[in-house]
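One chain, subunit A, links the two complexes that follow: it is found with subunit B in the first and with subunit C in the second.
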Partner chain A sequence: MSQISAEVSRDLSLKSCELTEGVKKLRKAYFKAAPEICIERAKFVTKFSIENGLFERERITILDKARMYRKVLENRVSVVRHSAGYKYTRDGLKPFDIVDTSPFAGSTTSKFKGVPLYPEFFALNLWPELWTISKRNSNPYHIHSREVEVLNLDIFPHWMEKNILELTRKRASREDQKKIKLVQHLVFFLTSKPECISHTIPDFSKVLEFGLQGIIDEAEKNKDGKSSSTIEFYTAIQEVLKGIIVYSRNLAKEAERLAGLETEGNLKEQLLAIAETYRRVPEFPAQNFREGLTTIWICWTAIHLENPNIGLSLGRLDQILYALYQKDINNGNLDIQKAVDLLCHFWLKIGDHVPAIPEAAEQLFGGTGSNQAITIGGVDRNGTNAVNDLTYIMLRATELMKLRDPNLNARYYQVINSKDYLKRLCEANIVTGATPALHNDKAVIKALEAKNETPKQARDYGIIGCVEPGSNGRFYGHSAAILLNLTSALELSMFNGTHRHTGERQIGPETGDPSTFNTFGEFWNAFETQTRWLIEQSTALNNLFGKTHQCFYPTPILSAFFEGPMQNGKDLIEGGAAINASGATIIGLADVADSLSAIQRVVFREGADPREKRVAFADLIGALERNFEGDTNDKALRLRLSKSEKTPKYGNEDPMANQNVCRIVELLDEAFDMINNYRGGKYRVGYWTMTSHAGFGRLMGALPNGRKASENFSSGITPVSGVTPDLVKTLGSVAFLPPECFSNGVALNLKFNPIDGDDQKMLDNLVAYVESYFGDGGMEIQFNVISHDKFIEAVNNPEDYPDLLVRVSGYTAYFKDLTREMQKEIIDRTEYRLSTGRASY
Partner chain B sequence: MESLYPLIVDVVRGSLEDGPGIRSVVFFKGCPLNCIFCHNPETKEPQAEMAFYSGRCIQCGSCAEACTESAIDFNLPGRISREKCVRCGDCAIVCPGVALRRIGRYYPVSELKEVLMKDSTFYRHSGGGVTLSGGECTMYPHYVESLLLLLKAEGIHVTLETGGHFEYSVFKRKILPHIDLIYYDIKFADREMHIKYTGKSNRRILDNFHRLISEANLEVHPRLPLVPGITATKENFSAVVDFLCKAGADSVSLLPYNPLGLEMAASIGKPVPDLPKGFMKPDEERKSYAVFENILDKKRDGRLRWPAGKND
Partner chain C sequence: MLRKWLNANSMLRTELSGVATDKFLEFLLYGMDSAFWLLKGYKQNIKNFSGRYVFTTQNNRVAASAVFKDGDMVVHEKALNQWDVKVTFKNAQALRDFLFSGDQDIVDSLLKNEVEVDGNLNYIYKFGFMARDLEHRLGIV
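Coming up: the complex of A and B.
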């Protein structure tokens, strides 16, 4: 049976659906508003920890945590209507009024656009800049001076030794201390556990069907005959769920109170409708589309009370909500325009918080939102077409709202999903300039099955954070646990285990002086050894942090919304999920692959023309250390290393280059896959870099592929910019790589110039490129469809482009929020013309 | 005399401008005509040639070191002493950039087919295929036939771009049965003009066109390249339209003037013709179109379509 109604199929673009006045006003306020630091959560959590002696404990139980969260939920302020935000002005951040008519009450923080603080994790990094944070250059946050005082005196001091990083440091052996030190050098790898606990998709299907009360009852039933620790787990689940019910009831009461004060009939009615809805859900099963959205929304705010807002994602909402939508449509309670309006409001709610990014981290993650991915389309668990009305309605809402958060991801299964659907996805990218990202179902499912997921599990994947695939509601993957800078492995192999950034100190194993090597094979072995060593260090450290989580940060809330924990009575962080893994992402793939090919060709002369000169390894190093800025020889060498006509390049369909990229991704997949994590899962690898390819790039010296010191690396799995003018070669090279090695996702960034004239031809070409790239096995593709001139204008006049959306590598960001380096990186990316399919230089 | 082994200048992949969909375009080297306004002069000579691009040179001197004929002369603006150069390409191999290039390489038919098949998915999803261009690929009927047989076995759509100066019977036997679409360039209707600007009479070209239109069972699309003051004149437009109507053509397009051939001629050491150095400005282009359209309207015999893909 087709899941596309006649009404939607008449115009898949749903052009007749527009923003209503209410959401238009809210959207305007949203773009005007600066983030505000909210101390509500931190205050409650600290107070509870002091009163209950949690700071003295060697281990915090799941029941401790549950009682704490219940207390917060029952006592946090009930925000039904936001009335004020802070806006940017020449004289700093100033308050402004907001007219809030959203059908969704409640908020992640107490603010309109809040920055929640998690002192258990990294919030303390903001400490030194609390007094200046509202005035800092990039992405300032508003904070009241009295709140600064509370943080200074009553909150942060308690956490100095009790945050995850310090707790781990205290427990670490001498060897482990060294690993922590590696992170502090910044150039090798980063681990995200000190700032984040979960990077996954919860399961909302159960709460929609049975309500929280249903889950509480299930927990009670499951206690029967279990050990005391398991019973404690179920009791903890019940505690937090009761807390969420109270929070919702409080919102209902507040709405009722406001309705009593309201004189305007329409507004009064809206408030009464909120009160009615919030009295029912999420306690009881959702009866209609609006109740479904409300259920997810309230549970989502509760989940964020426990789990920092870094990439936690909502999953396949078009699937989960479809039954409720259809029921409403059938009984005449809902029409398409109303559904679009509800989703627009819902999208705004989802984006009501941003992560706390200290100024120093802006380099690596500047401009990021919370990266809450939503996934649409593709196939269902049985492999049949899952595209439905809601798929198109969510696309329309995304197109109308143009928000960076939520981050929309569309799945496409060739032949099973219609070509019209793909066309619509491409059209949305042209309209928004940056979203949704497109995922090739065939390749992703293959990648997940290669990690022993059943076909049903693999087919039911949703996207987490940036681009990482995970089986919806059952895959606990912490997909961004490790960020590994692969160029450091190359560096260590070029310098016998030392690194230009850290001087002469031996860091990695001694793998020999490459100027004594006779073959490229020897160099590869050195590179492989250093890579494996970095992987061992980073995963061991991640496991160490994971154990600290297990002792100090049980997660009863998220465990209540997941497949696995409720069945086996085990917290997620103890391995309770149906599928367990940890994820790494690699920075610098293309630059490393091209550097290896360069060494293979010019130093070891493999495949070289006999007339070409050999470059001694020592001479190559000399040129790198001079940053190619010595005499004409340096210039000539850099030219030779940079040109795809002279040196093999990934992205140019060169067999040697292709072989090297393949070897690297196979090595990484195999090496990570060998390692067990602390929850009984394995490690998965992906290639998406957010903005960190610019951040890491700044720290690194010149490379053998001709890249000069401090320049940006290529993003994600994207070939180095400018290696080929032919788009088909780039797409062919990326699609050639084995998807089985990409179980943690990839990001291929392409930039198109939309100023071409013929819109229909442009769209047809874009569709053909995607079809062909997917047909050849490509896994993911994301676009920026913005002209060069517009970018330059936006650099010079950021205030004129508050909502200019761009894809960095993985997530979407507002261009104005990016650092100068990152803006430059995007502008410098190879730009293809959709009319000619070739680069325009 | 026909060479069995043509040189290929380049295989451009992912083109959206040489026929329907996404295409790979093979540029053959060698052309029977010698148009002074040729926009692709490196495809004229059938032999390999050396090109020098002064803007890319960093004066490292590697080329002079490698040349066994002492043909590199830094005092020459074109760098290569053409009398001494034996076109071996050693200098291009050692050039660290791509300031020197040897134009033309041999491809065994099977290798060329392999390159062309790399993008078969793109052809399939876009309704594209392969375009044979040049130069003049019809100079090499045996080679082209072998290539076409391989491509047709894979079901690839093939477009041919030709100047029309070929021997009809050979063309009909070896090439015509295996192609799907012809872009047929007609520069002048007047014989004298044709001789003056291309070095050959246009009788064969016009005859061949006539025969193709009446006999062949495929789309033959005539194109008129615009060269300001030479082909883009009222008189020529009028004469060409007359001819096309008489021949029974049902569509035609104008190719915008392309000045890139001037620089290219300089890079291979050929005299640079005295032609406009820039592309036509949009209003100049519009003016040409308007003149053409006007003529077409007057002579319309009901069949010739305009505008039919002005930018094809």
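Coming up: the complex of A and C.
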């Protein structure tokens, strides 16, 4: 039976649905507001930790943690209505009034747009800039001076020795200390466990159906006949869920109090409706669409209390909320405009916080939001069409709001999903300029099945963080555990295990001086050895950090909303999830592949034009060390290395280039897959780089593909900019790669010039390109449909473009928040004309 | 103490606003040391705080240590063997940029490998706050 109503079928774009006045005002305030540091969570957690001597013990139990979170939940400020925020002015950040009429009470922090602090993970890196953070150039945060004092004197000192990194360092062997040092060099890999695990999708279906009380009752039943540690687990679950119920009741109480003070009838009614809703949910099963959204929202704030606000994702909301929506529509209690309005408010709530990013990290990796992905469309667990009314309503809300968070991702299963749906997805991209990202169900499901997921599990994937697929509510995968700079593996193989950034010290294994190699095969072997070595170092360190998490950071809240822990009485962090894994993402794939092809062609003369001279490896290294800026020979060599007519380039369907990319992704998949993580899962590999291709790019010297020192790398799985003039060939090259090697997702970033004059043709062509790419096996594609001139204007006048959304590599960002390097990277991306498929820049 | 403070204060202002010299570290540490006694509220920063810092150039030409214990600070004009954190810097300018400058300079010092930190970074974060807090109290920020 079709899940598309006649009303939605009439106009899939839902153009008649618009923003209501209330949400318009809130949206305006949202874009005006600067983030404010919120110390509420940090204060409660610190106080509890000190009073209970949590870190005086060898391990912190899940029950300790649960009691702490319950206490925080019961004592949080009950924010029903925000009344003020801080806005940017020429004289710094100044307060402004907010008229908040949201149907959703509660907030992630106590601020309108808050920066929550997690000092047990990473907040201490903000310490040096507490006095200056509200004045810094990139993305300033407001903070009161009294909050600076509290952080400096009462909160941060407690955590100096008690965060993940330091707790791990204390337990680390001499060999492990070396691995930690590798991370501190910044150029090899980053491991994000000291900051968080987060990246996952909880299961909200159970709380919607049974309410928190239902899960509490289930926990009680599950205790029967179990061991004391299992009973402790279930008691911990009950503790935190009771805390969430109290938080919700407190919000209801506060809404009632405010209603008592309110004289305006409509506002009074809104507050009473909030009170009524929050008295029922999330304690009891949700009975309508609004209650469903409220349930998810309140549980979401609680999940963020435990897990840092990086990459936690909401999953397939159009699926889990559809029954409630349908019931309301059938009862006449809801219409499509009201549903759009509720979702717009909900979207704003989801985006009510930003991660704490210190100044130096802003320079290297700035512009990121919390990357809370929502997934729509695709097929259901049985493989049938899952696109429904809510899919289109969520698309419309996204178009109207143009927010960075949530990060909307759309699934598309060719033939099973309609072409009209794909057309609508492409249209939304043209309207918003950058969202949603599109995922090819066939390829993604194939990739997940290759990692032993059952067809039902694989079909029920949602997107995590940027573009990482994970089975909804049952996959604990920390998809961003490792960011591996693949160009460092190339560097180590070119310099016999040393790196230009770290000087003469031996970092990797000695794989020989490449100038003595006689074949490309020998160079490949060196590259493979260095790559495997980096993978061993990074995964070993990730596992070490994981063990620290197991000792000190149990996760009772997230475990309550997951398939697995409740059934087997085991915390997520101990491997309780139905599916366990850790994820790595690779930076610099295209640059490394093109560099290998360049070495193969110009040094080892494979497939070379006899008229072209051989370049000795030592001469190539010399040119790299001079950054191609020596004599005219350097410049000529760079030209030769940079031109696709002279050296093979990935993205042009060149057999040598294609073979090198394939070899690399197969090597990485095989090498990571051999390693077990600390929860009994495997490692999965993805190619999405967020902004780190710009950050890592700044650290690295010139490369054999002609890239000069400090220039950005290519993003995600995207071919290098400027060397792929033909869109069809570019798409063909990417689709040629085996999806089985991409179980942690990929981001193909393309830029289109929308100025073609014929909107319909533009849309039709975009649809045709996506169909063809997906048909050939391409896994993911995301666009920026914004003209070059508009980008330049936005660089020069950022205040005129507060909501200019761009796809970075994975997530969406506001263009104005990106670093200059990252803005340049986006502007420099190959820009294709939709009318011809040819590059125009 | 007052004379030492006035001298360190004045020299520190110069070092922060112009080109940092080899004396920068000395002025900073003595400036801090004096400020703990003379600036109202500044001493709160080291109440109940214990920490051992070593600052040294790669060639050991400039080396100093700061030991915080029992609400007091002691400066040593050499690198101590035991530390919670050790900062090795290329030159005074690199250290100043690392501790004080905003935006680009921190990144540049890391990119150029001008500063290397061993040990617990949180001690550096705290030190960075105290250094900037001193700037804040002196009205330099």
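To be clear about the criterion, the second predicted complex is superposed on the first by the 839 of 841 C-alpha atoms of A that agree within 3 Å, B and C clash if a C-alpha of one lies under 4 Å from a C-alpha of the other, contacts with A are read in each partner's own complex, and residues count from 1 in each chain.
Operating definition for what follows: contacts are C-beta pairs under 8 Å (C-beta built on N, C-alpha and C of every residue); 3 or more make two chains touch, one makes a residue touch a chain.
Quick caveat, the model's predicted, so the values are computed rather than measured.
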**Study point:** Which of subunit B and subunit C A:159 touches, first, second, both or neither
**Key:** second
Review point. For A:639, is the partner it touches subunit B (first), subunit C (second), both, or none of the two (neither)?
Key: first
Review point. When the two structures are overlaid on chain A, which partner does A:612 contact: first (subunit B), second (subunit C), both, or neither?
Key: first
Review point. Does subunit B (first) or subunit C (second) touch A:653, or do both, or does neither?
Key: first
Review point. Which partner does A:91 contact after superposing on A: first (subunit B), second (subunit C), both, neither?
Key: neither
Point to revise | First, second, both or neither for A:169, with subunit B first and subunit C second | key: second
Practice item. Considering only touches as defined above, state whether A:224 meets subunit B (first), subunit C (second), both or neither. Key: neither
**Study point:** subunit B/subunit C common contact set on subunit A
**Key:** none
Check your understanding: Which of the residues in subunit C come into contact with subunit A in the complex?
Key -> 44-45, 47-49, 99, 102-104, 106-107, 110-111, 113, 117, 120-126, 128-129, 131-133, 135-136, 141
Review point. Which part of subunit A faces subunit C closely enough to touch in the complex?
Key: 124-125, 127-132, 136-138, 152-153, 156-157, 159-161, 163, 165-166, 169, 184, 186, 359-360, 363-364, 501-503, 698-699
Revision key, fill the gap. Counting only contacts in the complex, subunit B reaches subunit A at residues 12-17, 21-22, 58-60, 62, 66, 90, 93-94, 96-98, 118-119, 121-122, 124-126, 128
Practice item. Over in the complex, which subunit A residues touch subunit B? Could you list them? Key: 609, 611-613, 632-633, 635-637, 639-640, 643, 645-646, 653, 726-729, 732, 764-765, 767-769, 771-772, 775-776, 835-838
